[in-house]
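Two complexes are shown next, each including chain A; its partner changes from chain B in the first to chain C in the second.
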Partner chain A sequence: MLQNPSWEDHRTDGRRRRDYRPMELETGLVTHAAGSARLRLATTDVLVGVKAEVGEPLPERPRAGRLQFSVDCSANASPEFEGRGGEALAGSIASCLTRAYASPSALDLRPLSIVPARQCWILYVDILILECGGNLYDAVSCAVKAALFNARVPELDVSSADSGRVDVELSDDPFKLLRLDVENAPCLVTLLLVDSECIVDPTQEEEACSKASLVTAVTAGGLVTAVTKAGRGSFHPTTVASALEMAAELGAVLNRTLTEQLQVEEQIEDRQIRGFLG
Partner chain B sequence: MELLSDQGLRVDGRRAHELRNVECRLGVFGRADGSAYLEQGNTRVLATVYGPHEARAAQRRHDVASINCQYRQAVFSGWERGRRAGGGGDRRAQELGALLQNTLESVVLVELYPRSQIDVYVQVLQADGGTYATCVNAATLALIDAGVALRDYVCACSASVLRDQPLVDLNSLETSGAPELTAALLPRSGRLPLLEMSQRFHVDKLGELLDVAETACRDVHTILNRAVRRHVSARSSEK
Partner chain C sequence: MEVDIRLAAERLRQEEATRGAAQLVTPGDTVTGDGGFMRGHGTYKDGENLVASVAGFVRRINRLISVQPLKARYNGEIGDDCPAVQEGLVTSERLCCFPGEIGDVVIGRVIEVQQKRWKVDTCSRLHSLLMLSSVNLPGGEQRRKTQEDELAMRSYLEEGDLISAEVQNIFSDGSLSLHTRSLKYGKLSQGVMVAVPSNLVLRRKNHFHDLPCGATVILGNNGYIWICATVVGEDGGAGTGGYVQNLERVPLPEREVISRLRNCILALAGSWMMLYDTSILYAFEASSKFQARDLLKPEVMAEVADLTRKRLDLEAAE
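Here is the complex of A and B:
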């Protein structure tokens, strides 16, 4: 059905080209982390933990904090990921996210600076892939955005003593916390190329039928911060142009829906965290 | 901070012989042959089983199944961030993987699956003491969910001695610096497939400690058995 030219916008599971599968999202599951989120996209399951540690800022950006991504493809998802088997996939997802967030318009890291050029908060975003059901990039990016939304970093009181020494003190109030503005954090939109048409949110079976895909990082305002072509096949330039347009549209909607749902979740009083207990 | 108050209460309000709150769920993932999620207090572990399936050439044994285990801790699982995400895993993870394999080999009926391989993967999501015992319990549940034939449940628990008082099911505060014993029990036969001890114990205390640990393992068995029966009756009433 996928390779039939007259398939008329119907996929094997009844979706249209532009339809996403239902997503389930929950934040705050990992109590040891500054922020966390778990996202289920049909049979794709991703858990993200954000930990904040104090370190040195990058020399080229002394007044900003740092963001570091690492991905772990757990053997739970597939026996192929046992040992070092998942390293290649993990590396490509991590570098895609690094490029997506590299743009200054993506996430403002200046509030994370403690003492310019000397100390800043480093946010370690650790992604754990627990189940692979297709469309890993999108699921991971949405979970990352949710975890950053959930992340709370302690506020520090910085005072400079007369001798030029700078004192950094942790506030006594445990509720004095810094939140990140993730309004413009990008989401990745994967478009799979099937017979010169692009489909969004492919299942693992659909991914096996195609040779190329385009992964686009899109912000809520429809800005594109990174583009990667994945797979062995090739795109015609006109297909790329229309794919980018489609990705920008879908990405803006995805971002907006995600932010709305995160805000709804935050408003729930006395929320019981269900986690993996269902 | 006192780990054991004069009234006999521990830092989280438990008595010396009490287990932490146990919650579990079988069949968490659809794609794996068997999976289970287990929480003991704040220690949270996911276990998945793939198999029995055709063994890799190096692992294939002509008369029995080979069991392949991997133990991994998520980078964000501890109070401080771990150093490596995935990859080869450190030596302790490899040692625990091998230990898990030995423990499970004593209970899986490997003669029923010659020339095949059973993969058991354990992922620690949050570590708050008694991590290895929780992994063994989660692995047992995942094997049951996968329908792998087992001789018995394997129920594990950690234990220690504090000021001459035996404690069971330690959390991370009680573990740091104290002697720790991890034991697993096969409830039907009363045999111990796993015994690991660290730091110093007085040998006179060992007998009492093993008794206390055995009772705790039987308590774990009661909880796991109840959960499995509930899961099976829920599944069978669905279809």
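Here is the complex of A and C:
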């Protein structure tokens, strides 16, 4: 194993520090979910499903819907995830996503409100990690953004009756659907610290060589909405500053490429779902 | 900076142009209700219907119908392709695990240091064992191991170290007993390990190859392959048989060769081609028109494997 995997901007697999491995994306493969997406990043495989249910909004944000993340690390992904082994990682990915989307400039949840302070749409985002090949956070966040782009929520007709009662009706037209504007949904960019340099999209071998990483949530406009530090090692303040700059640049490119490809996929006529066996 | 996101839908369109749609069945699926077919491997007759007994795809030759399973044991000939992957159905790297034969060269990672032996991971069903009595002490001394040697085991090999060894014996439960009783075996450093399915490594007399591009490749029978820069020394070999690790930085040109070789090996493994010194060298030469990092893209990997296959076929025809 090479001691310093990225010396002179050349990594073990020939990539530069800022290069991502090729990814493959597909949306809409889970037909009974409101939205779904599958993202493969080399050997990392993530499946995300979005389900919409009606519930009560948060008391501090009565005019907005809710987003709830839950992550399941399948035992197929890694022997460490057997039984309850994957719970710690699952919890940290879920909380990282919650914090990334908590910012008001991230995703506007107001269109999801049905009756202010009484009812709203809750989007349950379920993430299943099928295979673990390094760089889970980035793959998960891109798949989540793709699933939210793909999500269609039924439009409801809200009418207030005389006695202050509110009637909520589901429209008869099955094609009357609400779509979320995921333009500003953030993507997570993981920067791994190796010998005071940061590398993006680490493989499992590279992750084993490093003691610390910085996970940043970046929107399409290059805005950083959340920063998490993972690992036992430490960062020098100047390294953190340059890492955040690098993350902002990379995040903007990642978001832009993802949105472009999602729009291309939408334009394909008679798209056949490839799924897992295709 | 490069971010490359593809769509699964576009891959579907490219691939359907090159092959027909495969009929995939699971155990219990009716293959055909027509009684006029002969029953082949993987099927049984249930009344009038022919039903599949394994999970795989249907092969029809005239009036014979058989179901070819996905996880077929590979027999190993130069240039053959595994049938399951020809249909593009299998993508996992870790398809088969390594059973092992006496005399095989393996690369392994030390998992545990136990009393008088090391437990080594060689991608087999059970961890392999490297007994203290099967190693040469540093300096190549041949003597009986004493109590002090037992206590100093960790100074020779620690958890996480990579070694090259040979299979000495197979225990009754199927686990392998390794030995490093030769100067060419020992601790490995300053290189890259690549894992491929073990049945893609051709069984040959020599597994240590010094390639003309300046790298040394050790093709472990267990599917673990070690690539490092060729060490030019008096003995001319990569192994010093010892436990000394050279921790100096490897210069950039050699690292470029190593990473290109790594990507070429993964490209060949991705197209299920046999791995031996000639095929790896041809793949390396075929990949010279691409940058090393472009070899990670699936279409480039397929092209390199294709060019290599054509060159090997041409040679075999001569």
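Methods note: the second predicted complex is superposed on the first by the 271 of 278 C-alpha atoms of A that agree within 3 Å, B and C clash if a C-alpha of one lies under 4 Å from a C-alpha of the other, contacts with A are read in each partner's own complex, and residues count from 1 in each chain.
Convention: contacts are C-beta pairs under 8 Å (C-beta built on N, C-alpha and C of every residue); 3 or more make two chains touch, one makes a residue touch a chain.
Just so it is clear, the structure is predicted and the values come from calculations on it, not from any experiment.
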Using the superposition on chain A, decide if chain B and chain C clash or fit. clash
Look at A:43 in the shared chain and tell me whether it touches chain B only, chain C only, both, or neither; answer first, second, both or neither. both
Touch check for A:126: first (chain B), second (chain C), both, or neither? first
Which holds for A:90: it touches chain B only (first), chain C only (second), both, or neither? first
Based on the superposed arrangement, let me know which partner A:82 touches: chain B (first), chain C (second), both, or neither? first
First, second, both or neither for A:73, with chain B first and chain C second: first
When you line up both complexes on chain A, which piece of chain B, out of 9-17, 27-35 or 171-179, runs into chain C? 27-35
Where on chain A do the contacts with chain B and the contacts with chain C coincide? 43, 277-278
What does chain B use to touch chain A in their complex? 23, 25, 28-32, 35, 37, 39, 42, 44, 46-48, 50, 68, 70, 72, 74-79, 81, 85-89, 119, 121, 123, 125-126
If we count contacts the way the header does, which residues on chain A are in touch with chain B in the complex? 30-33, 36, 43, 45, 47, 49-51, 53, 70-79, 82-84, 86-87, 90, 124, 126, 128, 130-133, 275-278
Along chain C, where are the residues that touch chain A in the complex? 1-9, 11-12, 24, 89, 93, 162, 190-193, 247, 249-250, 252, 255-256, 258-260, 262-263, 291-293, 295-298
Enumerate the contact residues on chain A facing chain C in the complex. 1-4, 7-8, 10-16, 18-26, 38, 42-43, 142, 200, 249-250, 253-254, 257-258, 261, 264-265, 268, 271-272, 274, 277-278
